[in-house]
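In the two complexes below, subunit A is the common chain; its partner is subunit B in one and subunit C in the other.
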Partner chain A sequence: MRVKVLSRNPDDYIRETKQDLQRVPRNYDPALHPFEVPREYMRALNATKLERVFAKPFLASLDGHRDGVNCMAKHPQSLSTVLSGACDGEVKIWNLTKRECIRTLQAHEGFVRGICTRFCGTSFFTVGDDKTVKHWKMEGPGYGGEEEPLHTILGKTLYTGIDHHWKEAVFATCGHQVDIWDEQRNSPICSLTWGVDSISSVKFNPIETHLLGSCASDRNIVLYDMRQSTPLKKVILDMRTNTLCWNPMEAFIFTSANEDHNLYTFDMRFLESPVMVHMDHVSAVLDVDYSPTGKEFVSASFDKSIRIFPVDKGRSREVYHTKRMQHVITVKWTSDNKYILCGSDEMNIRLWKANASEKLGVLVPRERAAMNYNQKLKEKFQHHPQIKRIARHRHLPKPIYNQAKELRIMREARRRKYDSLFVFILS
Partner chain B sequence: MFGLLLTTSSVGYCVGRGVDVLHTRGPHVFCLLSSRRKLTERTEASLQVSEFNLSCEGAREKLVLPELLGSIRASSSLGIVKKQLNRVKQKKSVELPLSKEESARVVREAAYNKSSKAIAKWEQVVLQNRRAEQLVFPLKQEQMGVAPIEEVLTGWKARTPLEQEIFSLLHKTQQPVTDPLLTPLEEASLRAMSLEEAQLRRAELQKARALQSYYEAKARRKKKIKSKKYHRVLQKGRSRRALKEFEVLRKLDPEAALTKLEEIEKSRIQERMSLKHQNKGKWARSRAIMAKYNLEDRKAIQEQLARNKELTQKMPMEPEGEEEGDMAGEGLLPDSINEVQPSTDGANPWMLGKPSSEAKDSGMQEDPKDPRDSVVQEDAGNEMSEEEILLQDFEQRRCTQQQTGSPEPDGEQAGQCLHSVLSAGAGEAEEAHLFVELLSNVQTGPGVEQPAQGPEEPLLFEQLGRRCTLEEIDALGQEEGAEEQERPWPTRTLQKSEEEGSAGDGHTAKKAPKQKMINLQAVLAGESHVIQCPAQPVSVQDEEEEAADQRLVIKEAFAGDDVIADFLREKRKVEQAGKPQAINLVLPGWGEWGGTGLQPSARKRKRFLIKPVPGPPRRDHHLPHVIISQQRNILAAAHQVNEVPFPFERRQQFERSIRAPVGPTWNTQQAFQKLTAPRILTQPGHIIQPISAEDASPQSTVPTRGGSAALAPTPQHSRHHQRPHKKAR
Partner chain C sequence: MIHHPFLFPCPPKKKMTKKLQRYWDGAPPPDTPADAPSKAKRRRNEKTRPRAGAEGSLQARKVLQVSEATGQISGVRLGTLGGWPWGEEGRLRWEDEGQGIARQRGVLLGFLEGDPGEDTCTIAQADIAEAADITSATKHFELTLNQFGPYRMDYTRHGRHLLLGGRRGHVAALDWQTKSLLCEINVMETVTDVTWLHTENMFAVAQRRWLYVYDNQGVELNCLKRFNGVLRMEFLPYHFLLATAVSVGGGGLSSCSLLCGTVTLWSPNVKEPLVRMLCHQGGVRAVAVDSSGTYMATSGLDRKLRIYDLRAYQALQSLVLPVGAGHLSFSQRGLLAAVYRDVPVQPPHKPYLSHTLPWTAHGLRFCPFEDVLGVGHGSGFTSLLVPGAGQANFDALENNPFRSRKQRQEWEVKALLEKIPSELITLDPGQLGQVDTITMEQKHQERVERLGFDPQAKPAFQPRRKLKGRSSAGSLLRRKKKVANEEQRVRPSLGQTWLCRPRALPRLWDSPGGPLQGISPLSITHSLGLTSWADPWSLQHPSFRL
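Then we have the complex of A and B:
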């Protein structure tokens, strides 16, 4: 007679070592797990709510400047170092992990107009209102030593901006004209002019490094080629462009911050019309910086807020503001794509998270999996009304809110007028 | 040139009061230089030619070189000069140099073209990165992994004597280092084993051939079987299998199922066209004779007749064609309504909502246009529109039923029509869970306008209020829900016919207001149904007369059926269905004897039958002629999507995107990880450098499909943007 006995292979349920994960048999039969859509919807809703609850982007404020922060620069090699120049000619180097100033130097008399680091990270350049370009070492002098620049160039005209080449020992200044300098020389290699107005900012293309973009106060954006030592093309906009920034992943794309509250993304090859107009600010946009992934950028505005825009969207996905933050003059996105730094009028540099509700620090794999899952769910159910409503809600201070409302009304009126005109013409 | 002239010709050069005049002998005279006042002098033949007496005949004439050359033809001493002059004649004058600005512009343009062409090489990379499922930053990833043995060996040299000895041994036996890892000897021995292999192969081939011949023989035998029963069984089995497959397919892939359905339909039509089951065959005729006497034969012949009827029945027309026809003509009465139903028994055409083939065949049908016209003439304005709505509604309902392919009992349909007006997605009536409707209640918005609107609306909803706590955020969602509920429900009604015909936006736009206009009072309470019976062509002009006749006409038309009674029955049915059911928890046994034929005691039954709490009274409680469906779940509606969101074009697309779960509850670990992989992966604490040619090159070698035409960016055109005027120089 055969006797049937229940038997199990212990290998199926016993771990080999204590460190092994417990084996959990799973049955994926869909009949056993009904209501998948409603359950996932609930999870998405909860994830969205929690995202808004945990959306605390403000991390730290670096104070120490005695005047408004006018310019900032990222260290190309060290994530924790950032440089800032103030309106009183002081330059400070900050350690972000300790959130303290590690070095202060009186670089110029008057404003520090521009600051940039050399690609190797050993030195940096500043330009100021005193018509000088100064080259400084990144490390400070020894104890008792005096803060002395490595090199000082006395110019004839005022310099308003500076940028360093991404690979070579060449930098560019702007002011009356765009000058390209060799680090070793006292006079520019070449001067590029087109028009007579003063140029407010100049930026090297990070990918095709011989290309430059500049914006002048006669409302135009001019592109230059350093190798051919000639200006290339000029775009004239309605209002003045304050700065521009090249996309670090897409060689021909750049975004310009305009006085008319908008940002314009251009394709260098097709300058007739912008690829995208980014609107949401309610005052002049003063600075813009791309995220190192090239998918988003951050803009600083005179309306005391900073906004984050996806590159392919016309509207912002995030707005940051605090009560004490005044006109934001300069903004930078850190090279690890995690943080945003903004320097404002009221002498502070603020550190924000680029992703407002992100958890900082090391994530356990399970945590990361949960985070990814939540992200995916939010994306999947983003069109459902409640989730949409919760995810989109942002608090705005009263002045910005009112101004935005006013602008909206104006835009609407203009549109209506245009439409009626259109109809009139058609009929 | 001028200098030359002066030296060559025997010409005097005179300067007098700012007038330079050049003279030659004879009629050929030239003069040129600018003068305020020309002195014309007379020339006379004289022996003495003074250089001061040259006159300029005709001040406008110009000096021409050949003429000058002609004059020196005679003297050979001037040969060199002549040559020089000839050379001068051949040369063209140099163009003026461009102005500084213009030359700069040319240079700029050339430079711009050059650099924009050069920068276009990034296009592939950029597009690839934009489209990429996942981007991992920083781009320069160090390759970790095991190096192949060849690489290690080539980079390694034997240094110690022992190693050298080993290497020499290896080389002696011709030990290969690379892939095959077999010595020539080994290879030779391997080759020697090929006989066994060949035998094995031969055996395999033999077996395959034998099997094939068996199958062929079997097939041949099967083909020869004449037994009808066998074939019938085979056919039945085949059709059953096909049906099962279709069921499976319908669940898995509705679109493929639809095509399959069409195929089946086509085959049915083909069979219908063939002469099968026409009762003309030998068997049928013999059975027909025998049917009188034999019950079995009678049954068989009846079955055959039924089959014939089923096959030859004409299916209703395609919904699209009907709709178009409706839109085109003003007469909105479908043919089926105006058709005559000769046999009053059986289903009512109103209730059936389907054109019957008998009516067509009988030939009693009048010209279908006449009644339409008469209706159009008689009715004016509002009455007509109400009717239109009603009839259109019937039509739509029928269309939807045909499309879904779910035949419902005929009697229910009239009621269903009304439901469809009232309830959102009436087809999915009894769904247990509140959220299951999440999927179903998506209404197709105007497909073309959507994409334009989509990206324009702000991504953020900026408000003054701060929402920090979970409760506040929760309230935010509720708020949205409340807004949803306040919206009038007709906009949410789901019309399947509309989704199907999403191509014509004009259709949907036109239909929406009509849907709203359906007034139940008007539809049922009013006695002014002016539906004409085509059997009696009506040509009554007078409205009063018509009103008097109406009842009569309708009564005559539907003598056999009672629409109102049907409706009441329908309503009762709906009411019953809507009532909460009693829960029966009675179990046999448990305290008393159980077994077959034994009923639980009455006491027990009373105790364990949980009676439901009667719900709130129906909204149509006091309205005998109205059914108000209360199917629409307000709580669920707050969570439902109103319109197809931007990137999706059709409702089905969107539903598909929602339907597949991504969670680990429904997917294996690997699938879950793959599904939830983030778009952008960054490593904390790593600096992301701008893309460089080295990063791009391995990617760019992969051919991408996008043609160069697709590469040009599409600027967002919207006239509402306040866009600055741009002049590109």
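Then we have the complex of A and C:
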């Protein structure tokens, strides 16, 4: 008779000293892990709930401006520097890590209409209500020195926006028409115009660097090619576009922020219909900026909130608002994909997290593994009704909530009317 | 509460010199026809069926059998149930993949092999204990507690702790491997059942009037007055629910056996039973479900032991036993233990192991992760060795017999966090992972009704207009015929080509001429008509989804 009875040596299963790790033998046989689907579902539910618990996106408010913040610019080489221009002509340079202003200069008399940095990061340009374009050094003057621009260009008409080329020493301003300037010259190398009204903003394409897009007051978006010195294409919308932003990953995609509460993503090759219409704001959308991944963008609206939209979806995934934040004029997504800056009417620039429940800082490997696991679980069960309901839930301030409800009712009524009309016509 | 002195286990039995005559060896043939008891003159046989209260009478023997019936199923039938790793090869393969101690096949797995010509069912427990190592020999012990009535027993989920409950109120909790006592109390009331809750810190005792929850020190934590006269209890570890009834539960569903021979499966969400199965003609005496919830064993008054597939609700095997087995229990590795009285009738199957107890059994459980079967009976508790019953490689994140206090605390928190709510108890536990096609179709129908047309319907195929006479009526018709009836064509989908592994296909290199020269496996499958986009020989074993 040969017999063997299962017997385990505890020394193989218990750690030797308190300094050792505990031994955790694994057996992945599914027979030992029953109810895998319901248990994973419960874990996904917990992960979704915890995501809402830890969703605290507001980080800091940069205080210092004495009038509303009108425009912002990112430093191309330094993640911790941001420039902002206010409605009283002041330009401030901020350090985001210390959350303080490191330099202030009185750039213009009147509004600072536009600010943009040069691609090398050594200087920046501003345009203002006093019809000037000023070129400044990024480094401040030494001790006791006066703030003096490197170069000032006096123009004949009002300038409303400025943007610098991504590779060459060329910048473009807009106002009455789109002017393309060389940094060394005092007059534009070419002027582009198509239409009779003023142009509110101009943006260079970061990938196809010779292309630019502009938004005019006669409700159109015009695309220009710098090599040909002619306008390329034009699309006319129902209401005026405030700004547009090019996708940093897709050369031909741009998103425009419109006055009719929507954002339109266009493919510049097929301008007759937008690729996507993003509808969630309840008031005019004033500014839009893409994330460096090119998958999402953030929009600032007159309705005192900022929303984050995925490029391929028509609805926002996130909304940030505060009681103290009034009409948001300008918004930027930082180049490390982690933070969002917004400048608003009440003289503050606010710093938010791009992922509201993300833990900042260095994560221990176990933390990171747990976060990745939770993320995957949420993705796997995202379509289950209970989980979708919790993941989607956001608190909205009363004015936005009521306005959104009203708009929904109006849309439903319109749809019902047109549906029955359509059925009547068909039958 | 009166504390009773802990009685030492019995000294090891002496080896039996006389070989017991088992009934399946056949009774010795009668010498003359007159010796055989005739039907007319059948008198009470005092030895086997004594009168109650007869002095010096031998009590009816209760025979304990451990049947290999399920073991046979596990070896033969289950392998063909497609993807279930319960077959011999599947079992060992999964154990290989477990990290830790058992790195080779069969290093820790228990087994029992008799000498040639010797049946394993004739081997006595004492022999097994002597032949096995010292640690295993200590696992075979007997607690003689004959003052407080027949004992019910329960093991914790990781198999370290044992709970005993005597009918007359004696409740004891101990670590049965180190024989250290956690607590011993007398609740001064009839105890009908005892069960551990989720850890070895709490247990529930079903007393005559109410249901009590105690700490592992014997401190009463809770008294549930709503539960009157509970007869049986079962704790559902993943739902943190205590099912009480005349029931033996398994998985999330509780099964209930009635006198009319039906076994019903219940869910806490529905008033009516979910499934009613007619298992036996006559009453059902015992029900047991295996640890994976796939097989159910029932025994009834019609002297049959039946094994059912719970997924398809079909009977798999049926054994005839001398009397209906009073208790059934499945081990982790598919062994089935049955308790019934010994009667001189020959059953068709020989069990794997067998043991005779002089007392009636009242509780029967396999210890998880150990080769041990615990029996609570009229005179205390016996622990028997059953080589090959326990799962060798445990997963420490599920049940760890060697966990420390910190590990137990962490495990408890995690288990509570992923507690499955009772609303999710259904017949098919994987239902959550499937697409709700019924609702999808309903919504689609509603949409079609509302709009008046089907927005998802593809427009009819319009062949392109070609020049130079290629757009004649005949050629248009020919082009239309090519794509006609596309929905009715059956195409092998991605998943199906994985599961239809060419195991059944004739292998061309088995031919006497040797492997075909110059033909790669990919081209062979081409010729056999399978899809050609992937090399099926290189596909991995499909991982378990959801």
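Operating definition for what follows: the second predicted complex is superposed on the first by the 403 of 427 C-alpha atoms of A that agree within 3 Å, B and C clash if a C-alpha of one lies under 4 Å from a C-alpha of the other, contacts with A are read in each partner's own complex, and residues count from 1 in each chain.
FYI, a contact is a pair of C-beta atoms (placed from the backbone, for glycine too) under 8 Å apart; a residue touches a chain by one contact, two chains touch by 3 or more.
Predicted model, so just to flag it, every value in this text is computed and none were measured.
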Now for A:364: first (subunit B), second (subunit C), both, or neither, which partner does it touch?
-> neither
Answer with first, second, both or neither: which of subunit B and subunit C does A:268 touch in the superposed model?
-> first
First (subunit B), second (subunit C), both or neither: which does A:154 touch?
-> neither
Give one of first, second, both or neither to describe whether A:314 is in contact with subunit B, with subunit C, with both, or with none.
-> first
Thinking of the overlay built on chain A, is A:27 touched by subunit B (first), by subunit C (second), by both, or by neither?
-> second
For A:37, select first, second, both or neither according to whether it touches subunit B, subunit C, the two together, or no partner.
-> both
Could you tell me if A:384 is touching subunit B, subunit C, both of them or neither one (first, second, both, neither)?
-> both
Contacts of A:425 with subunit B and subunit C, given as first, second, both or neither = neither
Of subunit B and subunit C, which one contacts the greater number of residues in subunit A?
-> B
Common interface residues of subunit A - those touching subunit B in one complex and subunit C in the other = 28, 30, 33, 35-41, 43, 384
Once bound in the complex, which stretches of subunit C touch subunit A?
-> 85-86, 94-95, 97-101, 108-115, 118, 123, 127-128, 131-133, 135-136, 139, 238, 251-252, 291-293, 369-371, 385, 387, 390-402, 404, 407, 417-421, 424, 429-433, 450-453, 544, 546
The subunit A residues in contact with subunit B across the complex are 28, 30, 33, 35-41, 43, 45, 49-50, 52-53, 76-77, 79, 166, 206-208, 211, 223, 225, 228, 230-239, 248-253, 258, 260, 262, 264, 267-277, 279-280, 292-295, 313-319, 335-338, 362, 369, 372-373, 375-377, 380-381, 383-390, 392-398, 401, 404, 411, 414-415, 418
Across the complex, what residues on subunit A touch subunit C?
-> 1-8, 10, 12-14, 22-43, 46, 384, 419, 422-423, 426-427
Could you please specify the touching residues of subunit B with respect to subunit A in the complex?
-> 104, 107-108, 111-112, 114-116, 118-120, 122-123, 126, 129, 135, 137, 433-436, 438-439, 455-470, 473-474, 476-481, 484, 638-642, 645, 654, 657-659, 661-668, 672-673, 675-678, 680, 682-692, 712-713, 715-716, 719-729
